[in-house]
Structure formats: structure tokens, C-alpha cells
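Heads up, the next two complexes both have chain A, just with different partners, chain B and then chain C.
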Partner chain A sequence: MHWLFEPGFFSSGPVHVALVIGGVSGVVSALVGVFTVVRGQAFGGHALTDVSTAGGSGALLLGLTPLTGFVAGGLLGGAAMEALGTEHERGRDVATGIVLGAATGLAALFLYLDATSGATSGTAQQVLFGSIFVVQSSILPAVVVLAALTVALVAALYRPLVLSTVSPEIAAARGVRVRLIGVLYMAALAMSVGLSSLTIGTVLSTALLIGPPAAALQITRSMGRALLAAALIGVATTWLGVLLSYDSFDWGSSHEAMPVSFFVVALVFAAYLAAGVSRRRPARLRDAEVR
Partner chain B sequence: MSTHQHGSEVLHLEGIDVWFGERHILDSVSFAIQPGEFTGLIGANGAGKTTLFRVILGLQRPSAGTVHIEPDASGHRSVGYVPQKTHLARDIPLRARDLVALGIDGHRLGLPRRSSARTRAVDEMLDAVDARRFANARVGELSGGEQQRVLIAHALISRPRLLLLDEPLANLDLGSVEEMIRLIDRIVREQDVAVLLSAHEMNPLLPVMDRIAYIAGGRVASGTTEEVVRPSVLSGLYGHHVDVVRVHGRVLVVAGPGSHDEEHLASDAAHVFP
Partner chain C sequence: MFSSFMVNAWASGSIVAVLAGVVGFFVVLRGAAFQAHAIPNGAFAGAAFANLVGIDPLIGLAIFSVGAALGIGVLGRRGRGDVVTALALVLLLALGALFLSRTSAYGPEVFSLLFGELLGVGTSQLLPVGLLAVACVATIGLLFRPLMLTSVLGEVAEAKGIPIARLQGAFLVVVALATAMTVPVVGALLIFALMIGPPAAARSLSARPMVGIALSVLLALVTIWSSIASSYLTDWPVGFFVGVLGAALYAIGRGTAMLARGQSRRHDRV
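Presenting the complex of A and B:
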């Protein structure tokens, strides 16, 4: 197996930390992302990553860890989108776009200030494209707690969330507070975006949020299986991404590791294509066979 | 025709008024539904049918009037509801049986429960709407009529005493319309549930309706078809003279001379009126 696992992979401290953070955020993003895809909120999810960029770069400016900023920014941005948005799809879209624009402007300012203050080098790189190999192991407990909270929140919302996704009218008629459920789901989404921003950066965290669920949804018919498949794809792509990035250190003569983010996103894309190929046959035909 | 059990009503509306700004959507609407009855809420598009449903469901607060829903034996005021044009997205990973199971407790927090009793209840309900054969197909990949059946099963599994179906016959081809009416009629008889079904055409429903609630201009007249579908009653609702023509077993409501409202009448009047 030496051709796959370069010497030192399993004994490296940073690799251990990277595998934990990558695995955890891969799973959480996938679970949350299944609902994002099914609810048609990919644009909202992406906007949250831009708000996270502002949060993360702002946090560094204040001397806080980026994770704090990612999550705080995401929660604030999600709240702003909900407050500005209406029940109408187009109104929501516009509210999302407005918040996205404002947040990107703030991020530009903060990143500029980060760079000119000189206190932290490579901030932009770290916020935008992730910092999985330089994350301090002291942040692990916070990551695990945040992940557990996010998964617990989605589990608590599960049934009314599915029902209001299927039909807001039916859910409302059954007494579900559709708007409140949507707001709470937005909070879970913001927390998951914070986690994946830490792993592969804000710019690319959309890939981890949307890719594995989109692949899983092509090959499964029930919610439980879609969640399981998405989580597996999420973990597999992040872990393999970490491994390939580590290995890439020895690929050229320059001895520079290629970024984890690139590998993760490439693998997610490959998983999506593979899932598409495997569902070539019409679903109704496959249904007939299992009956 | 109708089965009056204990003379109690499952639904009683009294003097319901709904205003949207300056528009009077519902104008002192009063009527009642008896247990196990099939009532057709007949009216043109925009007559106020969906608003009336939203009032019954508690989703629209009336400007005036009262809604009384008789609680069932366990004290619940549950009303089953299938909204019009419910569009089930293709990529929702739910099988027909999953959607029906959500009808049991999908409004409660937490993860779905599994038990053999629940599976049995879901299978029974799927049988009741002839949907067993596509129980394991994704709901988004079913035809409009098939989705309608699954949504009815979803609404029925919690055993409500009243089921509201908003335009379930719209967007179905002619053969499917007859099949759907037969199915709903059977459900009324077998599942001990009163049905209030809205439609813009009364003729396909004439053989199965116990009562009709005819809605026009925000006002409702209810009773048997013989009592309601008469020139005197309908002219009062429309606010101008209309004629009722019975021909080849069909009822046509046609506007009288001087009216420009024929396109709003709840029948295919356009074919008989120049």
C-alpha cells in the first residue's frame, strides 16, 4: 500500500487533525445538504458561504479563530435573509442576493484590512480555500460539539422539515409552523457551512454541501438511504482529498503539496458524474425489478 | 342517500365573511356537513373555493363568522386536506409509502418511527386508494392521478372525520376523472369520512354527490342538487338571471339575456350559449 499511503501519513499529527475535521464536516455537510438540494436552497446555501467569508476574515481581524467568525457570520446572514425574504420564491431569491452582495463587500474590506495590517499572513488563502493542515488540534472539541449540535438540530426538525418540503400547504394545515421550521433549518445550514469552510474554505464549501447529496439523490429512492449515501460520499471524498494532497508533496520536484480543496472538489465532481452514469436506466424500470 | 349519524355535524360554518382589502371574497357563507356525506363545492375559478378551504383549515382568519369542527372520539379536530395543484418535486427521495406514513405523525418533531403496525396501516391505506402497486416508487415520478391517490392516502391515514379535496379533478384526463370520482365515492362509503370536494364542473359529480354547495360571487347555496341547481336560487347567487337547462342527463347553467357573465358560470355553458 506504500504507493497509496506515503510514509508518515498515519503518524502525522496534522493529518490526524485533518482527517477528523474533514470527516466530520463531510458528514455534516452531506446530511444538511440533502435537505438543501431537495428544498431548492442551493443559492441560499452558497450565499451563506459568502457571509461566512466576511465572518471568517472579520474574526481574524479581531484575533478570533476563523471558525467563530464562519458560524457567527452564517447565522447572522441566514437571519438577515429570512428577515428580508417573503414567502414568495422570487422575493427569497432577491433577499438572498442582497445579503450575498453586502456580505461579499464586507469580506473584501476585511480581507484587505487583514492583508494590510500584516498581523496575519495568508489570511485570504486560509479563509477562502481552507486551512485543514494548519488547524490547531485545540479546535477539535469545538468542531465536534458544533457538528453534534447541527446533526441534532436536523434530526429534531426531520419530520416537519420533510413535510413542509413536500407541501408547505399540507404542513401548515397540519399545524406545522412552516416559517419557524425554515428558520431553524437555516441555522443548521449556517453551522454546517462554518464547518466546511474550515475544511476546504468558504469558496469551495458549496461543493461539499451540494455535491455529495446531489450524487446520492440520483441513486436512492428513500430519505434514509439518500442521507446515508450522501454521508458516505462526503467522508470518502474529504478523506481521499486529504490523502491525495498529502501524497502530492512528493509528486513533483518542487516538493509543494497541492491544496486539499482542489482534490475534494474534484472527487465530489467525479462522484456526481459516476452517480449520473449509474442511473442511466429509467427509475420506473428499476422500481419494477425490486417489487 | 346520505347517512345521518346521530344528526351531528362534522362541520358547521356560520356567517363567514372574508375581505381581502376592498374585495369581498366570501359573503356570509353558512352551511353544514353531515358525517359520511359527499359534498361538492361547485364554482368557477376565483369564486372563493380555496379561500373557503383555508378558512375551514384555520389558515385564513375570517373577518366575521364562526367555524365549528366537531372533535372526534379522542378529542381531535383533525381535517384531512389535499391542496390543489400539489406539485411533488421529482428529486424528493420519498417513496409513496413514505409520504403516506408522514400522514400519521409528520407534523411532530424528531425522526420517523418504524413498526410493523405502522407498515400495516400504510399498506391498508395504499390498498384503499388502489396505490399499492406503486408503493415503492418515488412520488415525484408518479403521474398526476397516482400522486393524487397517494396524497389522499396521506390525508386519510390519521382518520379524520372530514376530508377536503381542492380541485382533485383538475388536470386529469377524462378517463382518470371518472376513475378518481369512483375512488373518492368509495372512500366516503368505506372509510366513514365526510368529503368536501371542490370542482368547477358539477356534471361528473352528479351521480355521487349527496349535497352540493354552489359558490358564486363569494356566496354559497347548499342542499341537494334539486334544491340548489334551480334558476331562482342560482340567479340570487349570481345577482342576475340564469337558466338551468337539463339535457342528456347533464345540467347546464346558462346566463340569461343581457348578462355578460357566461364565462363565469360553473358549467360548460360556453358550448350552448352564443
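Presenting the complex of A and C:
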């Protein structure tokens, strides 16, 4: 096994923390992300990550932990998008874009101020691209609690959420408060984005949110099985990403590890493509229409 | 503020604004905000690549953002568009992060590529940027009628035999070229704000396409000029002002449109 696991992989403290945080955020993002993908909210989910960037960099400026800022920013951004969002799809597209643009502007300012105040160096890439190997183990309880809360929220919403995701009209007719469910779901989304921002950075947490669920949904159509498959793919890609990044220290002569985020994203993308290839059977209708 | 080293910033900023106003109008009209957000990140990866290999940044920018546009276009036809866009986006960012981690200029470089560097434009870059801008606007001009038709009346366009998928691909390539040259000025994340805020505000103010495009260009110019001036005065990143002003313009535009609609209740879509 020596060729696979570089010496010290299992005895290194930072690696343990990285594996726990990576695994937890991989599972939570995947569970929440299945709904994001089916609801066609990939753009909204991604925009939340950028809002979280603003939150995270603002928190550093105030001396709070990034996690607080990620979650607070995400919750505020989700609320703003729900408030601005109009009914038809293009209106929602633009509303999301506007929130996204404003949030990145704020992030630019906060990161600039972080950098010039000199408190922390390298804030920009820490917030944007994550730093899973330098996460303090003292933050683990907060991560686990937040993850549990997020999963509990999704579980509590499960039936009405599935119904209003698959068919909002039927859900409304059955007395489900579709709008309320949407808002609560946005909150779960914001919390999961906050979690994965810690792992691979806000900019790339979209990868964990969209990739594993999209791959899972290509393999199976059943909601339950998709949730399971997405969670498995999510954990597998983050753990493998951590391992490869650790190993990459000894690749070549430079002795500089390649970023975890790169490996995680590359693996997620590969999983999506592989899932697409494994399911080549039905020539899909939409395809034929478009051509 | 108008001293010699700022001349390039004003000139390139104005070119960028005109272009973002025109291209952004169609981005908003077609609901392609996500793609327009993703493609500039290809430019980010491209700039990082050029930095690593040591070629002209503009070449790296162009190759990666056009590649991103084509990739999104092709994969998006097979799978779900928004999912493919999201994955392409993160892949490009991750590649950018990887390339930058291989060079020594990691920190400041990331920041200026993502959030823009006002003074990052050299005199030698002005000419290619200007030429690319003319090419992009000309292409939009050539595609004007089919673009309008497919954006507004998709079924009619289809019945007339307009190749919708290919047209969307061509449009994304124009977006890619437009972003390739704007990234060094306002940054990968904020060219997007310039492409969405002013055009969305313009669209809510006028339903007529030509008026809308003119308004959109005008608002984009106002945004970038005031952003450059504010950035010069405060030393804060230009991207901050672009992002916030874009959102403010949109809010004002929607507020005005709502007031106007109070009198005549008609739908605000073209």
C-alpha cells in the first residue's frame, strides 16, 4: 500500500481533521445538492457560494471565524434572492445574477481590506480556494453540529420538499406551502454551502453541491437511491482528493503539494462524465428536438 | 485622475463598458446569466496558464474562454444546461488555482485576476482589445435578427429553421471573446456584474430593443466611469464599485418600471 498512501498519511493530525471535515461536507452537500439539481437551482446554489465569500471575508475583517461569515452570508443572500426572484425563469436568472454581482463586489472590497489591514496574509486564496489542511481541530464540533442541523432540516422537510420539487402545482393543490418550503430549503442550502466552503473554498463548493448529485441522478431516477449514491460519490471524491493532494507533495522535484480543491473538482467532473457514459441507453427526446 | 498612467484605464474601461452593454443585453434577454458568469472563469484559468507557460496573457485568455464556451455549448446540449455550466465553472476555477499554485505569484495574482486590476492594462494591449471589441460588436450586429427572434419567440424561430443550438454556441463564443479581454480590467468575477446590472436595468426601462441596447451601453459606461473614479479616489478595488453600482442600477430600474406599471398594467417582457 506504500505506493498509494504516502508515509505519514494516517498518523498526521491535519489529515485526520481534513478527512472528517471533507467527509462531512461531502455528504451534506450531496444530500442538499440532489434537490438543488432537480429544482434547477444550480445557478442559485452557486450564487450562494459567492455570497458566502463575501460573508467569509467580512467575518475575517471583523475577527470572527470564517464559518460564521460563510453561513451568515449564505442565509442573507438566500433571503435576498427569494425576495427579488420573480416567477418566470428568466426573471429568477437575472435576480440571481444581480445578487451574485453585488456579493462579488462586496467580497472584492472585504478581501482587499483584509489584505491591507495586514491581519492575515493570503486571505484571498484561503477564503476562495479553501485550506482544508490548516483547519483548526477546535472547529470540528461546530462543523458536526451544523452538518447535523442541515441534514435534520432536510429530513424534516423531506416529503413536502420532494413533492414541491417534482411538481409544485400538485404540491400546492395538496396544501403544501411551496414558498415556505422553498425558503426553508434555501436555508439548508446556505448552511451546506458554508460547510463546504471550509473544505475546498467558497468558489469551488459548487463542485460538491452539483457534481455528485448530477452524477447520481444520471445513474438512477429514484430520489432515495440518488441521495445515497450522491452521498457516496461526495465522500469518495473528497477523500480521494485529500489523499492525492497529500501524495502530490512527492510528485516531481518541486516538493510542493497541489491544491486539494483541484483534485476534488477534477474527480467530481470525472464522476459526472463517467456517470453519463455508463448510461447511454435511451436516445433522449430533448436531444432530438434541439438538433 | 487623468494623468498619463490612467489614460489606459479610462480607454480600456470605456471599450469594456460598450461591449458589456451590447453583449450583456442579449445575455439578460436570453437568460444566459449563468453561462456569462461561468465563461469569464475560463479566462481566469487562461490568464493563469499564460502566466505559468510564459505566453501573452491575451492568447491564454482567448483560448480558455472560447474553449469554455464551446465545452458548455456541446455538453449542455447532451445534459442539463445549468448543471454542465456549474461543473465547467468549477473545473476552470480549479485549473486556474492549480496553474497559479505552480508559480510563485500566487496571492496577488489570484486577486487581480478575479477582482480586476485597473492599471493592469498596458498600451500595447489597447489595440488588440479594441479590435476584439469591434469584432464582437460586429458579430452581434450580424446575428442581430436571429438572436432577437430566438430570444423572444423561440417557437417561431424554430419553425423558420434557425439552427438554435448553433446560434447559442456562436453567442457563447462572442461572450467568451468579450470576457477574454475584459478580465484583466475588471476581473473574472466582475465582468459579469457589468454584463448583468446595466442591461437588466435598461430592459426594465424600455421594451424596445434598440432603445434598450443604447440605454444598456450608456448605463454600463456610467457604471465603469464612476467606478474608475471612485476606485482612484478611495484606492478600493474597482470591482467593488462595479458590483454594487450594477445592483443599484437594477434596483432603480425595477423601481421605476414598477411605478410606471402602476399606471398601465402590462407585462414588462418584450
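Methods note: the second predicted complex is superposed on the first by the 282 of 291 C-alpha atoms of A that agree within 3 Å, B and C clash if a C-alpha of one lies under 4 Å from a C-alpha of the other, contacts with A are read in each partner's own complex, and residues count from 1 in each chain.
One rule holds in what follows: a contact is a pair of C-beta atoms (placed from the backbone, for glycine too) under 8 Å apart; a residue touches a chain by one contact, two chains touch by 3 or more.
Small disclaimer: the values here were computed from a predicted structure and weren't measured.
Undergrad: When the two structures are overlaid on chain A, which partner does A:206 contact: first (chain B), second (chain C), both, or neither?
TA: Touch partner of A:206: chain C, not chain B.
Undergrad: Is A:261 contacted by the first partner chain B, the second partner chain C, both or neither?
TA: Only chain C is touched by A:261; chain B is not.
Undergrad: A:272 contacts which: chain B (first), chain C (second), both, neither?
TA: Second partner only.
Undergrad: Looking only at contacts as defined up top, I'd like to know whether chain B or chain C touches more of chain A.
TA: Larger number of chain A residues touched: C.
Undergrad: Once the shared chain is lined up, is A:37 touching chain B (first), chain C (second), both, or neither of them?
TA: After superposing on A, A:37 lies in contact with both chain B and chain C.
Undergrad: Classify the contacts of A:60 with the two partner chains as first (chain B alone), second (chain C alone), both, or neither.
TA: neither
Undergrad: Contacts for A:100 in the overlay, against chain B (first) and chain C (second): which applies, first, second, both or neither?
TA: In the superposed model, A:100 contacts chain C only, not chain B.
Undergrad: Classify the contacts of A:222 with the two partner chains as first (chain B alone), second (chain C alone), both, or neither.
TA: first
Undergrad: Kindly classify A:163 by the partners it touches after superposition: chain B alone (first), chain C alone (second), both, or neither?
TA: First partner only.
Undergrad: With both complexes overlaid on chain A, does A:172 touch chain B (first), chain C (second), both or neither?
TA: Only chain B; A:172 stays clear of chain C.
Undergrad: Do any residues of chain A touch both chain B and chain C, and if so, which are they?
TA: 37, 40, 287, 290-291
Undergrad: Where on chain B is chain A touching in the complex?
TA: Spelled out, the residues of chain B in touch with chain A are 57-59, 79, 81-83, 86, 88-89, 91-95, 98-99, 102, 105-112, 133-134, 136-139, 141, 151, 154-155.
Undergrad: Which chain A residues qualify as touching chain C in the complex?
TA: Answer in residue numbers: 37, 40, 42-43, 45-46, 50, 88-90, 93-94, 96-109, 111-112, 115, 121-122, 124-125, 128-129, 203-204, 206-207, 209-211, 214, 218, 254, 256, 258-259, 261-262, 264-266, 268-269, 272, 276, 287, 290-291.
Undergrad: Chain A touches which residues of chain C in the complex?
TA: Within the complex, chain C contacts chain A at residues 28, 31-34, 36-37, 77-80, 82-83, 85-87, 89-91, 93-95, 97-98, 101-102, 106-107, 110-111, 114-116, 164-165, 187, 189-190, 192-193, 196-197, 200, 236-237, 239-244, 246-247, 250, 269.
Undergrad: Mind listing the chain A positions that touch chain B in their complex?
TA: Touching chain B: residues 34, 37-38, 40, 155-160, 162-163, 165-167, 169-176, 217, 220-223, 225-226, 283-284, 287, 290-291 of chain A.
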